[in-house]
Amino acid sequence: GSAADAVKGAAGDAASTEAGQSQARTLEQIKQSGTINIGVFTDKAPFGYVDGNGTYQGYDVVFANRLAQDLGVKASFVATDAANRVPYLESNKVDVILANFTVTDERAQKVDFAEPYMKVSLGVVSPTSKSITSVEALAGKTLIVTKGTTAETYFEKNHPDVTLQKYDQYADAYNALLDGRGDAFSTDNTEVLAWAKSNPGYTVGITSLGDADTIAPAVHKGNDTVRDYINQEINSLASESFFHADYAQTLEPVYGDDVNVDDIVVEGGKVS
Amino acid sequence: MDWGFIARYAPYYVLAAQVTLLISLSGIAVSVLVGILCSMVRHARIPVLRQVAAAYVELSRNTPLLVQLFFLYFGLPKLGIVWSPEACAIVGLGFLGGSYMAESFRSGLDSVASSQADAASVLGMTRVQSLRHVILPQALAVAVPGIVANVIFLVKESSVVSGIALADLMYLAKDLIGLYYDTTEALALLVVAYATILLPISLLGTLLERRLDHARR
Amino acid sequence: MPGAEIVLDPSNVLRLLAGLGVTVRIGLVSVALSLPLGIACGMLMTLRNPLIRAVLRAYLEFIRIMPQLVLLYLVFFGTAGAWGWDLSGEAASVVVFSLWGAAELGDLVRGALESIPRTQYDSAYVLGMGRRQAFARVILPQAVTRLLPPAVNLATRMVKTTSLCMLIGVVELIRVGQQIIDYNRFAVPTGALWIYGSIFFLYFIVCWPLSILSRRLERRWAR
Amino acid sequence: MSDATGEAPMLEVRGLTKRFGDEVVLDGLDLAVRKGEVVVVLGPSGCGKSTLLRCIAGLEGVDAGEVRLEGEPISGTRRDSALRQRLGMVFQSYDLFPTRTVLANVTLAPVVVQHRDRLEAEREAEALLRRVGLWDKRDSYPSTLSGGQRQRVAICRALAMHPDVMLLDEVTAALDPEMVHEVLDVVLELAEGGLTMVIVTHEMRFAAAIADRVVMLDGGEVVEESDDPAAFFERPETGRAREFLSMFEYKREKGKGTDHED
Amino acid sequence: MSDATGEAPMLEVRGLTKRFGDEVVLDGLDLAVRKGEVVVVLGPSGCGKSTLLRCIAGLEGVDAGEVRLEGEPISGTRRDSALRQRLGMVFQSYDLFPTRTVLANVTLAPVVVQHRDRLEAEREAEALLRRVGLWDKRDSYPSTLSGGQRQRVAICRALAMHPDVMLLDEVTAALDPEMVHEVLDVVLELAEGGLTMVIVTHEMRFAAAIADRVVMLDGGEVVEESDDPAAFFERPETGRAREFLSMFEYKREKGKGTDHED
């Protein structure tokens, strides 16, 4: 892996200088335009999804709306796939990504992360009847993942003996699990916990896998004005326990009492 | 351009190209079968079957492969029918390609002047002999450009199967972009891979067309 | 069959129709843009200039052998990666479909122009018509009658192929459908069947009339 | 309608009626052709000449009447291969098999239908092709031949089956004058060789030269028939025949043009 | 080569040479056509008859020599519209404009090129179409007409421009005999009306009837020319002309066929 990492690092530099030809919008420019473009998921309830009326909803979206509101601009949501998040930022198709974006080293070379607002590690959900409770049990089995997620990266790197079945979208991946196309599905544990809660017959056999990671907003590499503003916003929101309120509004109805809010929520960018 | 990346991942593209080829060739084979069946049914004017074939052609030509695949892959399981991605891809490509192939075969058959059948008849040939020695060779010669175009079309369309978890070329490229964000390199390899598969087919088609030219007067 | 309510819910229907609107919009804008481009392309291809011919030939061949999905990725992510262009998904789709349409239409235009017998030019000449008069009054009307059926057919294919836009994140018909399936996953477990079935049907009712039109024109003008 | 001697004619058509929809194209037509006789069928366009030949060849069914070959009835389209081989036919359109060479065109039916030895079939094809001057074209494809060459090959192809009767339907209508001559010279030679033939043509000079008998059709019937072609062309008896033959005559009040000069 | 009276001929070709690549198709050809004269050009296929007419019409450039219209040189393909209107031409293939009705075919050029009033152009078209018996077909499209009808419309279309000279290139080569007659009757009538014409045809009887002068081409040159067509067709002077005319004669040793009977 280390040689590959070096290669990737070099590529990262090349890409960022190339991408540098295109200028990200500064905070000032965003204010002037009156809208901020925010990349969110549309199929990852309860974090980012579209409700029955076609309105964007979820934990990430509530934060996104608040961000826009405090900036005095309109939030314009751009639907993104997991795999599109970095390219979207690189090509300035969005100003900010608020799509359950786990902070990783590879990504940090391509984009700039702000302070985190959530904690995660990976979880694996499987049918209760054939519950998978350890990574070892996955050997030789088919694991569903979504392209471009930390789950994909983790299993590619650490468990090459697991057969991965990859989908472009979360919706497709969940459907594949429901249709029995794979033995289990892995993604952020918050995600699978929420999903298993509302899908009888499925259990999260592995609740925490890999390193505990954080989730943070991301901006175009070097777009400091916007990143600084977001950091400032995250800090000031701590005083009103904004993310606890967000949790209560969007996640608690799904998680109920099973999950401790402080295992998930990060206030003021400070990971406890 | 990051040559290290290219050197490292080119072998993966070779594997993915095999998937692309395998899926598209199987799909093409099914298309040809469906196409022959369909054009025969329409050529011979078999009552009910003819209407069924006509309806099939309309459905197949007026809906996108992606939707056909999603219906097969994600829709049908809700009826308890779970097909593997390979099966869905081959059925989907066959469903789509069948109508295109049928069209090519039909135009080939139609292009053979009726006087050819007459000529064969007055020479004492039976219907089967006439079909085998006179009609089909000519029909095929006329149909070849259309068939080659369909083959290219179907190999291209097969890129859509990446959406149902088949590890073809497109799937690999999307995956590499999502994993390592080396967009330029991943796409360059993708273009080279498709060109390597399709340029020879395209050239072969042109050659074949030229060789069969005398058959089309 | 259970689950039909998902496609009967008025708000879902409206959303699907809005998605269809995006699909049709991308299709129509691309068709509209590829018309002038394709005609220009086709006319240039009839010129004897070897350089123009070679360039257009290469362009055509490239477009011909590249999957549309690859072209979409090239324009959407490729230009972003290489030059940092900021094209929206919809804009990238329109660019790709217009370029593709222009190439295919160009070939049709060339074919139509070249299929017109030489004596038509000769007759116009001996009747004293100027080059422009001959083109506008004699050649073009004939080229158009030959061109229209396959061009309408091409438009059908373009509308159909806009389904791929969804894979570069455009929220069109299929993507809206997926959102609906996802949102109703618990309430309507068979949603995928119904929604994908409806999308299949919606594409069909948009493309089918175009196919019929193309065939009508062809029969009418089959001389 | 049989011969004076009582022997059955080679080919006999009795009361042949053929309709297309409501249109009666042939209306109780009678015709007998003796062995070795050359009959030329004339008539205005659309009078049913091609239809007559196609009915004889079994390419069209008949609505009434019958066709007999040496006294044996052969009407209908479902006649067996052996019977069909006894009637050779050449069409106006060059109907060679475009995917095969000249030689293969001539040998295909003998080999496939008559199961003759390929080498023997090729030897015979060589003789036929040499006779029409096309042996050196044996490996060419039809698309590379001129119209006249194609028709000569088509004639060889029919002859290779050793037919008892040859039916020729306007075999020169699509040809340039020189090519017309090439082809008709071959047909004249066949006539001299004693082949029984029914020929439809618009080449009046050729008709006059080759015919043992001239038959003129109109309105689905034979309107004039003559065993003396020279007399037929000089002094047609019926008004219809005169009218038809006048199609090949032109008259101009000369002198007007030159009046203008100076 | 001008007229005995010193007046320039209507159309004059002097030393016309035309090459396609290395092939010399016309080799210093001379030809003069007086006003009101009808010249028929004969010759074997490929001898350059069409090329000659196309050079005269300005559809092909020339390599040497010149073409004169009433003494005025008009060689070359870039001649202006007014000049082109003075030469009408009708081709072998039905070259009507398929997207326009019969009437529109005839009136298009007068309206577009000569800027004549549409109504007046239509009135004239009516007169022309009535003359060829096609006024009731005025609203039909060419595809619905027979070949003979199409050629008659093509002639009207050319006449509507009031050309000084009409060039007709095998206008009946693709037609059935009856249709040939329909079309040639119209041409005969034009000749009687005093129109200057250069006609290429393979209809020898027609040529004999219409020609004021017959010109035979071969090897890119005029090999025989005759002001007395009857004499030309009866007693051609040169070997080449005799050979050419023999193309339309057939001979058969009669009797062989009938020998076989009984």
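All chains are identified by letter, namely A, B, C, D and E, in their written order; residue positions are counted from 1 within each chain.
Heads up, the rule we're going with is that contacts are C-beta pairs under 8 Å (C-beta built on N, C-alpha and C of every residue); 3 or more make two chains touch, one makes a residue touch a chain.
Source: prediction; values computed, not measured.
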| item | value |
| --- | --- |
| Of B-C and C-E, whichever chain pair has more C-beta contact pairs | B-C |
| Interchain centroid distance [CA atoms averaged], chain D/chain E, Å | 32 |
| Cα-centroid distance, chain A relative to chain C, in whole angstrom | 35 |
| Chain A and chain B: spacing of chain centres that average the CA atoms, whole Å | 39 |
| Gap in Å, rounded to a whole number, between the CA centres of chain D and chain B | 47 |
| Interface hub residues of chain A, defined as touching at least two other chains | 15, 18, 87, 90, 168, 172, 175, 178 |
| Multi-partner residues of chain C (each touching 2 or more other chains) | 77, 80-82, 167, 181, 189, 192 |
| Chain E residues counted as touching two or more neighbouring chains | none |
| Set of all touching chain pairs, with the criterion as stated earlier | A-B, A-C, B-C, B-D, C-E, D-E |
| Of chain B, residues touching chain D in the complex | 113, 115-116, 118-119, 121-126, 129, 133-134, 137-138, 141, 212-217 |
| Residue ranges of chain B in contact with chain A within the complex | 2, 4-5, 8, 74, 77, 82, 85, 162-165, 167, 171, 174-175, 177-185 |
| Contact set on chain B toward chain C in their complex | 58-59, 61-68, 70-71, 74-79, 152, 155-160, 162-163, 170, 173-174, 177, 183-184, 187, 190-191, 194-195, 198-199, 202 |
| For the chain C and chain E complex, residues of the former touching the latter | 117, 119-120, 122-123, 125-130, 133, 137-138, 141-142, 145, 223 |
| Touch list for chain E against partner chain C, complex | 54, 57-59, 81-82, 84-85, 87-89, 91, 93, 95, 97-100, 108-109, 112-114, 141, 143, 157-158, 161 |
